[in-house]
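Input: one structure, supplied below.
A, B, C and D label the chains in the order they appear, each numbered from 1.
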Amino acid sequence: MSIFVGKETKLLVQGITGRDGSFHTMQMLKYGTNVVAGVTPGRGGQKVEGVPVFNGVAEAVGKTGANTSVIFVPAKFAVDAVYEAADAGIELVVCISEGIPAIDMVKVVAYLRDKDCRLIGPNSPGVVSPGEAKVGILPGHIFKKGNVGVVSRSGTLTYEIVDQITKSGLGQSTCLGIGGDPIIGTKFIDCLELFAEDGATEAVVVVGEIGGRDEQDTAEYVKKNFKKPVFGFIAGKTAPADKRMGHAGAIISGTAGTAAEKIKAFEENGIVVGETPTEVARLLKKHLG
Amino acid sequence: MSIFVGKETKLLVQGITGRDGSFHTMQMLKYGTNVVAGVTPGRGGQKVEGVPVFNGVAEAVGKTGANTSVIFVPAKFAVDAVYEAADAGIELVVCISEGIPAIDMVKVVAYLRDKDCRLIGPNSPGVVSPGEAKVGILPGHIFKKGNVGVVSRSGTLTYEIVDQITKSGLGQSTCLGIGGDPIIGTKFIDCLELFAEDGATEAVVVVGEIGGRDEQDTAEYVKKNFKKPVFGFIAGKTAPADKRMGHAGAIISGTAGTAAEKIKAFEENGIVVGETPTEVARLLKKHLG
Amino acid sequence: MKVHEYQAKEVFKKYGILTPMEKMCHTVDEVIAASKEIGIPCVIKAQVMVGGRGKAGGIKLAKSEKEVRQHAESILNMEIKGIPVKKVLVSEAIDIGSEAYLGIIIDRGKKKTVVMACKEGGVEIEEIARQRPEAIYKVYADSLMGLMPHRAREVGLFLYEDPKVAFECASVASKLYKIFVDLDSSLVEINPLVVDKGGRLIALDAKLNFDDNGLFRHPDVEAMRDRESEDASELLAKEQDLSYVRLSGNIGCVVNGAGLAMATMDLVKHFGGEPANFLDIGGSSSPEKVMNALRILLKDENVKVIFFNIFGGITRCDDVANGILQAKHTLNIKHPIVARLTGTNEEKAMDILKEAGLIFAKTMDEGAEKAIELLK
Amino acid sequence: MKVHEYQAKEVFKKYGILTPMEKMCHTVDEVIAASKEIGIPCVIKAQVMVGGRGKAGGIKLAKSEKEVRQHAESILNMEIKGIPVKKVLVSEAIDIGSEAYLGIIIDRGKKKTVVMACKEGGVEIEEIARQRPEAIYKVYADSLMGLMPHRAREVGLFLYEDPKVAFECASVASKLYKIFVDLDSSLVEINPLVVDKGGRLIALDAKLNFDDNGLFRHPDVEAMRDRESEDASELLAKEQDLSYVRLSGNIGCVVNGAGLAMATMDLVKHFGGEPANFLDIGGSSSPEKVMNALRILLKDENVKVIFFNIFGGITRCDDVANGILQAKHTLNIKHPIVARLTGTNEEKAMDILKEAGLIFAKTMDEGAEKAIELLK
């Protein structure tokens, strides 16, 4: 069992003929993901790693039954790619592209409200349900099938934590990065709602960072609604106030959004916080045996 | 019984302090309509014919419980008035204003799709449920409570036909003008769906005119779905091809949209067509006794 | 409102759509000068706002200077469907590879803006729409988001197999859509859209109509109006907030509301008469408006009888009555007038008109019959 | 990206928002000349992009020519929060009737653009937000339709009782919203928005920040960047698609990914060390990028040890290894380097770095500890 992606995923790669698109198509195929189609306008009829390429998503969906898409197109065109996927009836769009202006995302989110389409990202590293499917750029070899759900605002920090979990002997049900941008399609709570229903998930790790108040909201939600044990990690304890740390998710505005506040919110609401990635894995292991 | 407006209508007049707004507020009050509020931004606190004026629709709804609004503001601001009404939770908006650009209406219609708000018009003369409520500019004295539903694309032509119906001894359940513009909120079929459910309505008169293919669609709908007798009239038999006749609803494109075509569609689908307004009333009278 | 091909193309150019090298000319000399600039062969095209110019001989290819003169002379002396040709467009002769159709209108049924594409260009699209509707590919714009890029590409890929041309076409479609929305257009059309032998996508012809309701926010569009090409009375009426269309009969009709005005014409015809016009004095009227309406009506010398059919709602019958009275005196109207005024303030109207020597009617049937009677 | 008050006001003016008569000056002489043009009394305002200018003495009212000179001299020789004042704005002294706050940001939680209004202007809005959030009135823009007119009026009517001023304020809110959307702003703010004694609505101060992700489509905004006011290394990093923030420690960190970079700093601190910087080399890297990163890192003379923490996903460890190797030779790096490279192509990376004399670490814990160890 898993959330978002799994054996039933029929994946379409938007921007499949690009450098990243083609490389990760190969990686995803290697992992066993059912990649059924690719789209690059004007490249219809070609093949990439044996996957047929179409000019548009609607055509690709019509001919292959794709239900999930992953977007590798440059930021400038990524928003249009999301619209195209949503219009074509894709149920889940995972947007890897980074650098999308926030005001564009505000429109995307509003547009998707009426559609039967969930967006993960942008600036997401993707979603992996170990042993079932890998959608995105997360390195497949660090995952192991298991019962820990992992959701994170980061990319590589997620790998680090997953790697530690796997090395501790545990495995993951589903692991995803929701993206660190200010406006994203899917938030921590959306993921927790699904993890709550997922039989395979016995504990969840939430990897947050400074900026915004998503972690605080999540903490309150966990206390009120979430029955499974949750473990947390917050990056940015040493980040100076009012400094941008690499991406838009990492701005501290005044005291709101500091690591200290978030850790406090986690701890007060029953989320066990690890000081370091290693400690997160250790705490998990102790709990789940 | 009636459709759209009735005893439960709590009316808000947008543009109440204007020349037309204030005149027709008086007329509607005289008719017995429950006019509870008016809106003119910047005139909050005043009264028109005893009706309190507010600066915004949300405030007016909050303080008076208005559920229906009628718009008398100039074309330039009418679209914003519709948005404001819809945002404030008004259930039925009757837009009297004429001269709204079609492209603005395309947006309005799209915006309203998600809201729980029906728009009648623009360029509508209004809706009257005789003996219950009058919303708009239709002259109240021509109506009589009865069992004929009247729906029309015109203004004064509607009065003419209603007048004939009343003089023949029959009365109306509800009568409305849906507006002659290319893009309108409520079409013939929408009205027929409600007339079908309305216990007080025993027959319906559909008053169409040249341009578009709404009458043809309506005729097909009537044949398939509508059980009550329908009578029809089409204006524009003498209109020359490709000439604009006063408003945008009255353009003939090629042969599509001619009066002859529409009359044929009506007759082939069981709608009894009167040659003149008088004849419509006569046919109705004959049928309903 | 409509504009000429050359005006539409000026708009197209401003939006970055490729059009042939062209020059608008009024005289044969100007045409000859233009042909030297543009090069021979060139195409000479009558600028009139009616369809079927080609069939009427209003579009000619000139292969020599002699032919340039010949065609310029013939076209500038031509009438097309009764309209004298006063302007011609001298246009670069394009080496055509393929022809297609591309247009945008608002679909009333779907209440959305629709881009229409057809692989057959240069033919009458209405004909195709009737006979083989499946040959027209329709792509709807999102009403709030506009014509999204993937939708524009869909249009391009339908028309052209070569992705380069297809994407160029997508860009043209997006620009057309922008014109449509920016300028409150009611129709924008390229027919034919051609690919020349060099693979360039060119708007060989251009059609651009505007939504009259949108003109108030586009003085630049209003400035394009060719007053010469419109009926003077109809234009005058429009400026006075009236709506007038001249017909060929002899019973002048003055009515409030477009639907009732049409029904009045229909009724005159029904009883055996011939309406001279459509004239809608609109919603809220004033005595001046009625005066203006009569001034316009009386320019038509065919008019023998005047039939007022007013159903007062927002229009007040006393306003109309005052207008009639004033007009009768000021304009010294001798025509018999049949007046049917009912509704708001109808009694006041009767009082005003009592002494005016009008023929009254209680119903529109009676009014129409009396008007016809008076002609005998 | 941030711009100065005077630049923000230039944008405001372009959008029709009223601002005081003003002139930006670099020298005392320029200030004196400007004060003659603008009139005395006038206000002299330090142009630095940090908060608390007023408290720091960076904003002064000059009532005489003597005071103009005094204040100009003092402010132009001032440092505010460590930043030297190089520009001042000479501003018309406004006769203030009332002060309010008006700002626009994106609400992450609601995923919408929000207009914030507060009847108390000229004070720190963050303070009010914390202490009395109910004093801030929020109006959300529709994400597809924009800030609708009735929403803008709501803002105006909240702030002002006089309908004339309220509607003027609605118009200012609409213009601010247009600036926000047109320019990919992340914050636009007027604090205080004042009504002067003559009833005019004036933006007395202006703040305008931009979404870095949107800069690619606004070369005009990019052109406003005050390079002097930004850290040279951070700016250089940005231009090379790196993200660098200098801190005060001595362990230089090179990491891929912002979250992992922060976690790495945190870990160094956790084990008792002091990180010298945040440095994210981003998603897909190349040897050149690693070279550039090291060049920037080494400008900081506090750096004693370099700690590479790379978790290869889209980043390939061999690319990073090649970069380290090249940099070590080209830049002649003598600093000890601790390398923790794991993930995509980690074996290749090991092969490349085998002979390079680096200290390897298998985990980030081990890497951090070794880096700290090396300092002893």
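One rule holds for everything that comes next: a residue touches a chain if its C-beta (ideal position, glycine included) is under 8 Å from a C-beta of that chain, and two chains touch if they have at least 3 such contacts.
Bear in mind the structure is a predicted one, so any value in this text is a computation, not a measurement.
Asks: Starting at chain A, how many touching-chain steps does it take at least to reach chain D?
Replies: Step count on the best path from chain A to chain D: 1.
Asks: Any idea whether B-D or B-C has more C-beta pairs in contact?
Replies: B-C
Asks: Taking CA centroids for every chain, report which one is farthest away from chain A.
Replies: C
Asks: Counting only Cα atoms for the centres, state how far chain A is from chain C in Å.
Replies: The mean C-alpha positions of chain A and chain C differ by 55 Å.
Asks: Compute the distance, rounded to whole Å, between the mean C-alpha positions of chain B and chain C.
Replies: Spacing between the chain centres: roughly 27 Å.
Asks: Based only on mean CA positions, could you tell me how far chain A sits from chain B in angstrom?
Replies: Chain centres of chain A and chain B, defined by C-alpha means, are spaced 51 Å apart.
Asks: Can you list the residues of chain C that touch 2 or more other chains?
Replies: Chain C, residues with two or more chain partners: 144-145.
Asks: Tell me, which residues of chain B touch at least two other chains?
Replies: Touching at least two other chains: 107, 111.
Asks: For the complex, give me every residue of chain D touching chain C.
Replies: 144-145
Asks: Considering the complex alone, what residue numbers of chain D touch chain B?
Replies: 145, 148-150, 153-154, 157, 163-164, 166-167
Asks: Which bits of chain C are touching chain B when the two form their complex?
Replies: 106, 108-109, 111-113, 126, 130, 142-144, 180-181, 184, 186, 211-214, 216-217, 243, 245, 247, 255-263, 265-270, 275, 278, 280, 283-284, 311-315, 342-344, 363-365
Asks: Quick check: in the complex, which residue numbers of chain B touch chain C?
Replies: 19-20, 24, 75-76, 98-103, 105-107, 109-111, 125, 137-139, 142, 152-160, 163, 180-183, 207, 209-210, 212-214, 217, 233, 235-240, 243-250, 253-254, 256, 259, 275-278
Asks: Looking at the complex, which residues from chain A come into contact with chain C?
Replies: The touching residues are 41-44, 55-58, 77, 80, 83-84, 87, 107, 111.
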